[in-house]
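Dropping the structures in below, format is structure tokens.
One chain, chain A, appears in both complexes that follow, with chain B as partner in the first and chain C in the second.
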Partner chain A sequence: MIAEIGLAALWLAAGLCLLQFIAGAIGARGDEQGPVSALVRPAAIVQALLLVVSFVCLLWVFAVTDLSVALVAANSHADKPLVYRISGAWGNHEGSMLLWVTILGLCSALIASLERRMDARFVKTALAAQGFVALGFFAFLLLSSNPFARLNPPAEFGAGLNPLLQDIGLALHPPTLYVGYVGLSVAFSFVVAGLVTRQAGPELARAMRPWVLAAWISLTLGIAAGSYWAYYELGWGGWWFWDPVENASLMPWLAATALLHSIGVLAARDALRTWTIMLGVVAFSMSMVGTFLVRSGILTSVHAFAVDPERGAFILGLLTIYIGGAFALFALRAGALAEGKRFVALSREGALVFNNVMLSAILAVVLLGTLYPLLSEALGTRVSIGPPYYNPVTAVFAVPMLLVLAVGPLLRWRRDRISRIAAPLVLVGVVLAASVIAVVAFSGAGVLPTIGLALAVTLAVASWLPLMGRNPRRVPLALWGSMLAHFGVAVSLAGMASESAFSTERLVAVRSGDTVEVGPFTATLGAVEPVAGPNWTALEARIAIAGEGVDTVLRPQSRTFTDPPQNTSEAALLTRWNGQLYAILGDAAGEGRWQLRLWWKPFVTLIWYGGVLIALGGLLALLGHLRSGVRRARIGEAIAQRRADRESEAAA
Partner chain B sequence: MSGLAPKHQRLVLVSVAMVVLIVAGLLAAWGLRSQADYFYLPEDIAAKPPEPGRAIRLGGMVQRGSLRTLPDGVTIAFNVTGREGNAVPVTYRGIVPDLFVEGSGVIANGRLMPGGTFEAETLLAKHDENYTPRELEGLSDAEAHEVLEKSVDQ
Partner chain C sequence: MKRLWLILPLALFGLFIGLAAYQMTQPKDEFVRSTMIGKPLPAFDLPGETEDAPRLTSQMFADGTPRLLNVWATWCLPCIAEAPQLDALAKRGVPIVGVAIRDEPEAIAQFLDRYGNPYSAIARDDIAELQLALGSSGVPETFVIDGKGVIRYQHIGDIRADNIDEIYAEWEKAR
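After this line comes the complex of A and B, so read on.
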């Protein structure tokens, strides 16, 4: 019954989405608006409510393990803990697409209920675009991926969820990532509306900014969470593999980061109009490319839930319609957009253009690296692309970008002189030189880690330089946000460079009682004993860790699940302020020995702390911009009020 | 640039962006050509061996009866077979993935050594029914077993 309610709600929502599209499209045509176009906002809001109902129904059938629903039978099992039964609802193809559509609907509803800065015609056009995008995904969901399909007769047992996905990481990582992916649809709809209604000035940028910021914050957190999840759950000790699925989340982030900065230029200076519009299209296109790569089954990974070429073709079709359509509209209208304001190369705009171009270049490098194996396979040669390609080629563009980031925020808008920022420039140069020398002299790290560490130190200092000559109490919240986010980049970079330069690894086969040295610690293997969990059994090793004032026991496990039958390695982590000790238990190695793999990774945690700081910076900027938006609206109202008063006085 | 009309400024910006993107594309093309790991089945290695020391991926089935652990306790050695029964000896130092067993599919990243042994740096095993390394799709379990049985009979 619950499943039928869910399906019915989904169909009704699809109907309302169609209404939202039609009503919005009528509203987009001009001022003479019939009664139908007034329905667009209510349609969007009710649609979102229905989608939430539908999604809650899905959560419910998973929570109670209703095995007459095909999706539950194929992906869940009654023995799992409740939190994993619920999070399993989006740990599969159909459920994750329902989550995608639900978030898309919520975005529509939020635009309909919150957006007041732009005029009614603009909002209706944006909602029409949003509805048009949603319609395609509704069709995909209802025609080829129905999450509520019944199974007759019901299954006796569920097939269970891939144990790698039975983790709190799965409960958090997909929803945050999806909010980011789908949140970028708002940027897409807004630029489409901007093109249709010919509004591409600072108002559009100011209206878009909170949406893009919110999506970007969520995307940042989702990527950081995904990276940490892969790090501790896969047991390979790595935090980024340049896996196509990871790239699928990185590409929208790169595009959104570029968009965020060009929006800043458009809002403050009314320059970079066309460029911003194009980035808005590119950012959401990257979200859809990501969805295509992950959901089409064209790639192999824990994310590719089902290999079904029909679905891949469906998403590819949608992709072509949306991206092609948006670029066609762009080509038709971009030429007619009024030119933006001018600026010289040495200016804040110039630095931000540099940032944008470099981010786009990195995006191109990652996109080509991700697609090349697919193209090459179609031509009959199978290849794989890994860090030896990505690390140096992205660094070629990332290093100049980060150098400019160190000084760019100090520049003035429109035009500036080198002599004005000579003092901070010298400071940045000295810090950079000193840190390069220090790293080379004391660490003997490789080329890229050396550059990374030196840049991280420089950037950590430089990110706070905009405070110079300002009263800290009067610094706008948005500026605090940008400084904090840039500092977060430095922190994250420091973690990455340190992990790759200073990690030490030990791989040994030891008997109980043997001691191994790893980094500053000694590890002594104690007993290896069986333990049992709610739906697994495991072998657990006790490893006594001593050194640097630490005296503790790590318990890595080798777990065996029964539904589905699968083994996983549970890493044990010791987190210290200056790094993490990472322990994995392998197989029995004969003669009473056990395989152990131990890593000491100095400052590896900075990678994710940096990610959190970046997101936090985004949040501060979001709050700052919302506050100044409210203030600006209030001033506008006050001025209008005064003018009205004066007119009425004059009339009297 | 301030002396330029807005239209020219846009032209300059577009040209700069295009140039950088083309450079990125060329750099990527160069990197892709020189850094791609090519995929080999054992019969490919027999027919046309890659130059020793070049990073490649080797895919196939772990030959039954070939898997053994070396005395150090952390290095394993096994043979990988393909569709035609050619076997490539592989060594791997590390903890093998869960579900890495004889008779199952495996992808190994590594290098072919001058002696003809493949030194694997990473191993990717077939996870479950829903997750087969893409390169092994052509090789169904039944087919693989046939190949293996043939190779055992010989």
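After this line comes the complex of A and C, so read on.
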């Protein structure tokens, strides 16, 4: 019954989505006040409610493990802990698509109920675009991936969830990323509406900014969480593999970062109109291309969990319609947009343009690397592209970008003089030189890590320089946000460089009682014994760790899950303020010996702390912009009120 | 000029769609083929089955006799499943050289005791150097090496009963 309610709600929502599109399209043609086009806002809001009902129904059938629902039988098991039974709802293709559509619907509802800055025609056009995008995904869900399909007769046992996904980090990772991906769809709809209604000025930028910021915050957190998950769950000790699935989340983030900064220029200075519009399309197309690459299985990936060529073809079709359509609209209309304001190279805009170009270059590098196997396979050779390509080539663009990032925020809008910022410039130069010398003298790290460490130190200092000459209590919230986010970049960069420069690795086969040195610690293998969990059994090693005032026991496991049968390696981590000790239990090596893999990774945790700081910075900026938006609206209302009062006085 | 710039994103996107659509319609080849086929065996010099057995080198393969080179390990389950098929090939007169990956002499002896010994010689590859040099992505894998020491054929995964004839034919071809 619950499944049928869910399905019915989904169909009703699809109908309302069609109404939202039609009503919005009528509104977009100029008939804002007509009776049909007035339906667009209510249609969007009710549609979102129905989608929430549908999604709750899906959560319910997963929570109670209703095995007459095909999706539950294929992806869940009654023995799993409740939280993983629920997260199983979106740990599969159908459920994650429903989540996607639900978030899309919620975004439509939010636009419909909150967006007051843009005129009615613009909002209706944006809602029509949003509805058009949602329609495709509705069709996808209802025609080829119905999450509520019944199984007759019901299964006796569920098949379980891929045990790698049975993890709290991964339970939260997809929804976070989806909020990011779908949030970018709002930017896309706004840009399309801007092209249709020929509005591409600062108002558009201000209206888009909270959406892009919110999407960007989610993407940042999602990527950081995904990276940490891969780090401790896959048991390879690495935190980023340049895998297509990872790139699929990184590319929208890069595009959104560029978009965020160009929106800043458009909002403040009314420059970069065409560029911002294009980035708005690119950002969302990157999230769709990412989804396509992940779901179609067109690229072989270490973590493609849901692969199906037919669905890939469907997404490719949607991609062609939406992104192709938007780029066609861009080609037709963007030329007619009034050109934005001009500026000289040495200005805040100039620095931001530089940052945008570098970010886009990195995006192009990652996109090319991700698609290259596809391209070369079409030409008959098989290649795989890895860190030897990505690391140096992205660094070529990242290093100048980070250097400009250190001084860019100090520049004034429109035009500036070097002499005005001479003092902070010298400070940045001195810090940079000193840190390069320090790193070279004391560590002997490789070229890239050395540059990374020196840049991290410089940027950590430089990110707070905009405070110079300001009263800290009068610094706007949004500026605090931007400084914190830039500081987060420095923190994250320090973690990456330190991990790659100073990690020590030991791969040994030891007997119980043997001792291994790793970094500043000694590790002594104790007993290796079987343990059991709710739906797994495992061999657990007890490794006594001593050194640096630490005296503890790590218990890495080699787990065997029963439903479905699969072995995973559960790393054991010792987190210290100055790094992490990472232990993996390998196979039995014969004669009572066990393979152990131990890493000491100094300051590796900074990578993810940095990610969290970046997201926090984004949150502060979001709050700051929302507050100033409300204040601006209130002042506008007050002025209008006063004018009306005066007019009525004059009339009296 | 400006118009051209505005069309560029659309053109690039069209290129991507074309490429993706083309690739989606192509049959998918799931295996990673070694690029070593047609090339001579990489030079190696590995310890034998036990500590006092003679060492195995790549030169031994250039003596005019075609052989199978079987990459396996005692810790690998599919290798157990594969053992009867290797025995059948050995009985048909195919010399098979085994390369045991990350293994121990005692474990090898035990394994051969239990599952039979189809090998004319075994080398121990403790750090998977030969495996990597061969471009082999896992165990078990079997290569046909001709009498000049050139790699002629690669079979990925365990040899099933219905692969025996195919591999025997490839070995015949290499004579």
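What we mean here is this: the second predicted complex is superposed on the first by the 640 of 652 C-alpha atoms of A that agree within 3 Å, B and C clash if a C-alpha of one lies under 4 Å from a C-alpha of the other, contacts with A are read in each partner's own complex, and residues count from 1 in each chain.
The definition used in the following text is that a residue touches a chain if its C-beta (ideal position, glycine included) is under 8 Å from a C-beta of that chain, and two chains touch if they have at least 3 such contacts.
The shown structure was predicted, so the numbers you read here are calculated from the model rather than taken from an experiment.
A.B. asks: Is A:D119 touching the first partner chain B, the second partner chain C, both, or neither of them?
C.D. replies: A:D119: touches no partner chain.
A.B. asks: Classify the contacts of A:A331 with the two partner chains as first (chain B alone), second (chain C alone), both, or neither.
C.D. replies: So A:A331 only meets chain C here.
A.B. asks: Can A:E647 be said to touch chain B (first), chain C (second), both, or neither?
C.D. replies: Touch partners of A:E647: none, neither chain B nor chain C.
A.B. asks: Would you sort A:I385 into first (chain B), second (chain C), both or neither based on which partner it touches?
C.D. replies: The answer is first: A:I385 touches chain B but not chain C.
A.B. asks: Contacts for A:D587 in the overlay, against chain B (first) and chain C (second): which applies, first, second, both or neither?
C.D. replies: It touches chain B and chain C both.
A.B. asks: Quick check for you: in the superposed arrangement, does A:T320 touch first (chain B), second (chain C), both or neither?
C.D. replies: second
A.B. asks: A:E548 contacts which: chain B (first), chain C (second), both, neither?
C.D. replies: Once the two structures are laid over each other on A, A:E548 reaches no partner at all.
A.B. asks: Quick one: chain B or chain C, who's touching more of chain A?
C.D. replies: Between chain B and chain C, B touches the greater number of residues in chain A.
A.B. asks: In the superposed view, which residues of chain A touch chain B and also chain C?
C.D. replies: After superposing on chain A, chain A residues 274, 382, 587, 589-591 contact both chain B and chain C.
A.B. asks: Under the definition above, what is the set of chain C residues touching chain A in their complex?
C.D. replies: 2-3, 6-7, 9-10, 13-14, 16-17, 19-24, 26, 28, 32-33, 75, 104, 106-107
A.B. asks: Which part of chain B faces chain A closely enough to touch in the complex?
C.D. replies: Those residues of chain B that touch chain A are 1-2, 4, 6-7, 9-10, 13, 16-17, 20-21, 23-25, 27-29, 31-32, 35-39, 55, 57, 69, 72-74, 93-96, 98-99, 109, 122, 127-128, 130-135.
A.B. asks: For a test of understanding, state which residues of chain A touch chain C in their complex under the given definition.
C.D. replies: By the definition above, chain A touches chain C via 274, 278, 281-282, 285, 289, 292, 296-298, 309, 312-313, 316, 319-320, 323-324, 327-328, 330-331, 334-335, 371, 374-375, 377-378, 382, 587, 589-591.
A.B. asks: Spell out the part of chain A that touches chain B in their complex, as residue ranges.
C.D. replies: By the definition above, chain A touches chain B via 162, 235-236, 272, 274-275, 299-300, 302, 304-307, 339-345, 353, 356-358, 360-362, 364-365, 368-369, 372-373, 376, 381-386, 388-389, 392-393, 396-397, 415, 507-509, 558, 564, 566-569, 584, 586-587, 589-591, 593, 595, 597.
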